[in-house]
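What follows is a set of notes on a single structure, which appears directly below.
For reference, chains read A, B, C and D in written order, and residue numbers begin at 1 within each chain.
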Amino acid sequence: MQKSTLVKLFATAFVAVLVASPASAADTIKIGVAGPHTGDLAPYGIPTKEAAEMVVAEVNAKGGINGKQIELMIVDDQCKPEIATNVATKLVSESVNIVIGHVCSGATKAAMGIYKGAKLIAISPSATNPPLTKSGEYPNFYRTIAADDDQAMLAASFATDKLKAKKVAIIHDKGDYGKGFADFSKVAIETGGKAKVVMYEGIQPGALDYSAVVQKLRSEGADTLIFGGYHPEASKILSLLNKKKIKIAFIGPDGIKGDGFLKIAGKDAEGVYATGPKDVAKLPLNIKAHDEYKAKYKKEPGTFFDQGYAAMLAALNAIKVAGGTDYDALGKALKSSSVETTVGKIKFDTKGDAEGVGFSVYQVKNGAFAEVK
Amino acid sequence: MDFEYLFELLCSGVVKGSIYALIALGYTMVYGIIQLINFAHGEVYMIGAFVAFIVTGVLTLSGHSGLTVLLLAALAAVIYAAAYGYTLEKIAYRPLRNAPRLSPLISAIGASIFLMNFVQLVQTPDFLPFPELISDFDFMEPISRYLSSVDLIILIVTTVTMIALTVLIKYTRTGKAMRATQQDMIMARLSGINVDRVISATFIIGSVLAAIAGVLIASRTGQINSAIGFTAGLKAFTAAVLGGIGNIPGAVLGGLVLGIAETLGAGYISSAYEDVFAFGLLVLILTLRPSGLLGKAVKQKV
Amino acid sequence: MAHFKRSLGIGLWFMFLTLPLMVVRVNTISREVEWRWYNLAWAGLCAFVIAWFWQFSIERRTARRAQVAANPHPAVEKLSLVQRLADDPVLSRRLLAVAAVVAIIFPWLVSTGQNFYHVNVMVSALIFVVLGLGLNITVGLAGLLDLGYIAFFAVGAYTYALLSKNFDLGFWTCLPLGGLMSMLFGVILGFPILRLRGDYLAIVTLGFASITKIVLENWDTLFGGAAGIANIPRPEFFGMALDSRQKSVYTYYIVLALVAVTIFVTNRLKNSRAGRAWMALREDEIASVAMGVDMARTKLSAYALGAFWAGLVGVVFAAHNNFINPDSFTFMDSAMILAMVVLGGMGSILGVIIAALALKLLPEYLRAFAEYRMLVFGAVMVLMMIFRPQGLINNMRRKYEYDTAQGGKDNGGN
Amino acid sequence: MAATKGEKLLEVSGLSMDFGGLRAIDNIGFELFAGEIVALIGPNGAGKTTVFNCITGIYEPTMGDVTIHPPGGTCRRINGMKPNSITSLGMARTFQNIRLFPAMTVLENVMIGRHCRTGSTIIDAILSSRRSRREEKETVDKSYRLLQKVGLADVADEFSRNLSYGAQRRLEIARALATDPFLLLLDEPAAGMNPQETHELDELIVRIRAEEQVAILLIEHDMKLVMNISDRIYVMEYGKEIAQGTPREIKENPKVIEAYLGEEVHA
């Protein structure tokens, strides 16, 4: 082996890596889609990706926006902050015009710092962490889902006012999302003063057994359980409650309001309350999107599909209204122009939360979620 | 002091401990014979549960129900877990029998990661609902707040398995061969024992136990996914070490101690720190008794 | 023919093994069973081909071992290309120089205008290079299987995050503090557990890592819980304001310097009194103590030093990402770093660097591969142990210089 | 390290070791004087290696005393001490089933022996301090000289796993000598060697005694070697000491002949 050959080899390989990045074309609008597409959180990211692809296919077929075709840059952040910063720089480097994502609040926070510096707007379908909008630190952040504290407030008032709860137990999965919901519920109940929080506990997600926490629930004599977390843990707890014949009202966040929960919890799900985005299943646009999805993928769309679809529509509408992809103009358009989406007619408030997106309480009746009026 | 609450917690702790014990037996047997932490044992447990899930799904959807489904699903789980355990040993461990100690351990971690992701890819990363294969017994009704029907079966199965295993190892030919191999592999081989076959048998027995545990636990928790093996395996292994690895009553004792400690810790302190209690206990016991509760201090041959 | 038959058998066996998992998929919502028979054909075919190769490889391996056993002084050991490169001092020095130059001009090669993605990716990769080299001290040199290495990384990252948030300490002050904090953590943990046997140590370190993560998650008043800590300042550059791109480039040089220092230190240590004692302990504990090596102290030093690097680079990690939460410190990350050390060749510096870069950069640039990444990792870890336990690059032992003549004269004794 | 001839170096009395209720060695006592080569013989399983392990700190004896009298030092009871501390006091050993460091070179194996005689720290190594450079050089030189002594200098840079059996045994001796012992414990140094190698070993041991001024305690099955080089012999059977004396006395001891029934004592 000649050393010169080797050096050449190295150099070629090196150059190959450099030119591997696709050249950017100015005549398309580039939209980044970021979320977990591999790994165990992929089920929360893939529906948004699929929604974005469906919207783009439709719009491009009709000739695009402002005469330009739309190009998606799909990046996988696995919900990990450190990967999120990398993919965020990738999107910035590829000079995308707007980002749909990220999906997890942690990854979103990590990425927002980079978008902020690059003056890039991100619309998340699912990052519900309140400070993202309410702290004012991220003026370029928007979301098509309501924040956790609104949801928690609703859950708390439902428990105390409708269910007349006196002793509330709160359990969470220690995650960003679940604990956030639990914390806000706790504050809301304590400030409301109508009920007492008799128990506040975190559980280890994925653990084999939650008997101890369920027994504690009984020994504290709680009449209502507010649960912050996702459906696997919720259904494990419900199954134990039933096995141990504990009668208690169960209220969960939108993380359990889905087919995944109904499927896993089975008959244990009956009677469970869950807060969730306002019922949008009857909206014509929503029906259309779902039908198309079912025709294409032969299954029901997954979590955050509606929100992802809506985020995409909102983004495209803003680009159309702004007549381009200028940062300030886009921001103005998002805040001023209402658009019909899969989650209703929305526009964004000054902080970036969607107006017109709200929560309702649902209850499982005969194996399906029905809105509690 | 609320004694009823304490009693409830103890019951749960014992059930949880039995679950750990059932999986821990497989770890302990393998370790006893070839001094290897079979990291992929938890994955065999997971595969057992998945096979049971698939068989139940197919059978239920084609209109069968009841005991037939349970038996067929359990049988399939047991057969497949045994087959996976056997293959795993042949591929990932046997070529490394005389390698430095770290090599098979790393190979085991690799096998564990591989199997977990394999199932995730060919099946799903989602949680799947595991059907309730064991229906509630009426006679359990009065004490259901302490012990459910599945719990009872878990307790019975663990007890029976432990006794059967002890008998097997004490009195049968295979058992004697196992003990001989455990003592001294080279001498066992010289005295005409087919060591390879003994090791395969150990993996098969361990895997069968894991599959039984998989089916029972999945029907208790009502859900499975590709990651359950790792979590359960980790705890079960902790239990095995706690009780003194290589020691069969030790695995059961370790499981019980771990289960009770976790449940009491969760019940009286905070369930958020459950794993801290478990691993804290492990460190504490290993510091005081480096060979575990029932483990004999092994003098290394010099 | 025998090979063919065996491979056929193995193919069939794997078709049986994968039958339920790969063929049947039960959809519980639509209550349908999906039969994917084509997968079975694939599984059988792949198993057949792999079994074929496997048998040849195992035979070759056995033959090679037999050859080594028969002829213990091979005149020329067959070495791979990389190996020969690594051995040739002139060539490797030149290559090193080229690599160093490329590394230094890298940011200017790849980042133009807004485009600093490659720099950012490289920073993440280099962070893992340092982690790999740090774990290499613990696992590769001293043979202590640490499955919770990521915990030390977390200690470093949180040290910086908390000190900068609460006490306004700068990056450069925190860099050594993070390392020292990690090291302290390592010493405290190492004290009770290092006398445990190798495999017990593995499980206990794993346990410690999960405890660390749980504490980070639960103690939210101090550590921010699962929500993490946001807005961690980036490294400051003599008080000058830098834009995102400049900051990335600056961080790149910091972590590059860190890599250089790590290489330098590891290299010095490898051929020192301490390094030899680590390796001796790795090879045979009883023989080492019988030769006068203090086991507790030697192990502790390796463990703590490994922890030190993780803490150091944890600070860089926190500064680079501006945001940390416990999700970045899972068992899978520990396993990934371990894989780097194993694949690179335990104890080999060059090997670990190549493996770390490969494991971090390949998935980044080959997105399609991402889904299969962990699957391939697992398989490669097993295969590596069986067919190339020494890793990509053998850990070359230094040839010491000694004065043969002097020894000859002095043959009479001392 | 020089000891005057005849000075007592090691004294073992009432040494017993139990393994889970089984008494492996029972009430063993012997002593060893400077300049001596003493052999410990007995049938397989007699407990000879266990005696070694108790003396060198690998096991902590159940009962009894092991006392050493380092030349020029104070006498110390060493049971219960850690093996590395005992080695630093001046006793080094080899192993029955060779325990080298296979992935280290021959020279490095010997250099490990110098560990307890050097003291440069990690910091020294990183900064390449004067102390560390000096010690490194001394270590290399001394180790190389020892390799020359045992005839392995030409394979100094080979991996130790590539050496032949006999060479590995000699390397173990060199490694033990590198710790500057006043007492060398050899556990079956001739096992697995051919007659030619055994003969060379015979000479090597005698030469080492002379040149390095160490006393040697030896476990060996090769009776020819034992009878040739030992000054005194202790015989063990089933964990008990059954005889002691000069080679001539041992050869004629009826108890020993009985213990070795069928084996070649008169070789």
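The criterion applied here is as follows: a residue touches a chain if its C-beta (ideal position, glycine included) is under 8 Å from a C-beta of that chain, and two chains touch if they have at least 3 such contacts.
Quantities reported herein were computed from a predicted structural model and do not represent experimental measurements.
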Chain whose averaged C-alpha position falls nearest the assembly-wide average: C
Per Cα centroids, the chain farthest from subunit C: D
Subunit C and subunit D: spacing of chain centres that average the CA atoms, whole Å: 40
Subunit A-subunit D separation of Cα centroids, rounded to whole Å: 70
Distance between the centres, which are taken as Cα means, of subunit C and subunit A, whole angstrom: 34
Centroid spacing, where centroids are CA-atom means, of subunit A and subunit B in whole angstrom: 37
Residue list for subunit D, restricted to those that touch at least two other chains: 58, 95, 99
Subunit B residues counted as touching two or more neighbouring chains: 128-129, 270, 272, 275, 302
Residues of subunit C whose C-beta touches two or more other chains: 28, 214, 217-218, 286, 371
Complex contact set, residues of subunit C against subunit D: 68, 72-74, 265, 268-269, 272-277, 279-280, 283-284, 286-295, 301, 305, 395, 397, 399-404, 406-408, 410-414
Subunit B-facing residues of subunit A, complex: 39-40, 42-43, 174, 201-204, 206-213, 215-216, 218-219, 231-232, 235-236, 239, 243-246, 260, 263-266, 268
Of subunit A, residues touching subunit C in the complex: 1, 3, 6-7, 10, 14, 17-18, 20-21, 37-38, 76, 79-82, 85-86, 89-90, 92-95, 105-106, 109-110, 113-114, 117-118, 129, 137, 174-176, 179-180, 202, 204, 259, 263, 299-300
Footprint of subunit C on subunit B - complex, ascending: 35-37, 47, 50-51, 53-55, 57-58, 61, 76, 80, 83-84, 87, 91-92, 95-96, 99-107, 109-119, 121-124, 128-129, 230, 234, 237-238, 241, 270, 272-273, 275-276, 278-280, 282-283, 286-287, 290, 300, 302
Contact set on subunit B toward subunit A in their complex: 2, 4-5, 8-9, 12-13, 15-16, 19-20, 120, 125-129, 132, 144-145, 148, 150, 217, 221-223, 225, 227-228, 231-232, 235, 262-264, 266-267, 270-272, 274-275
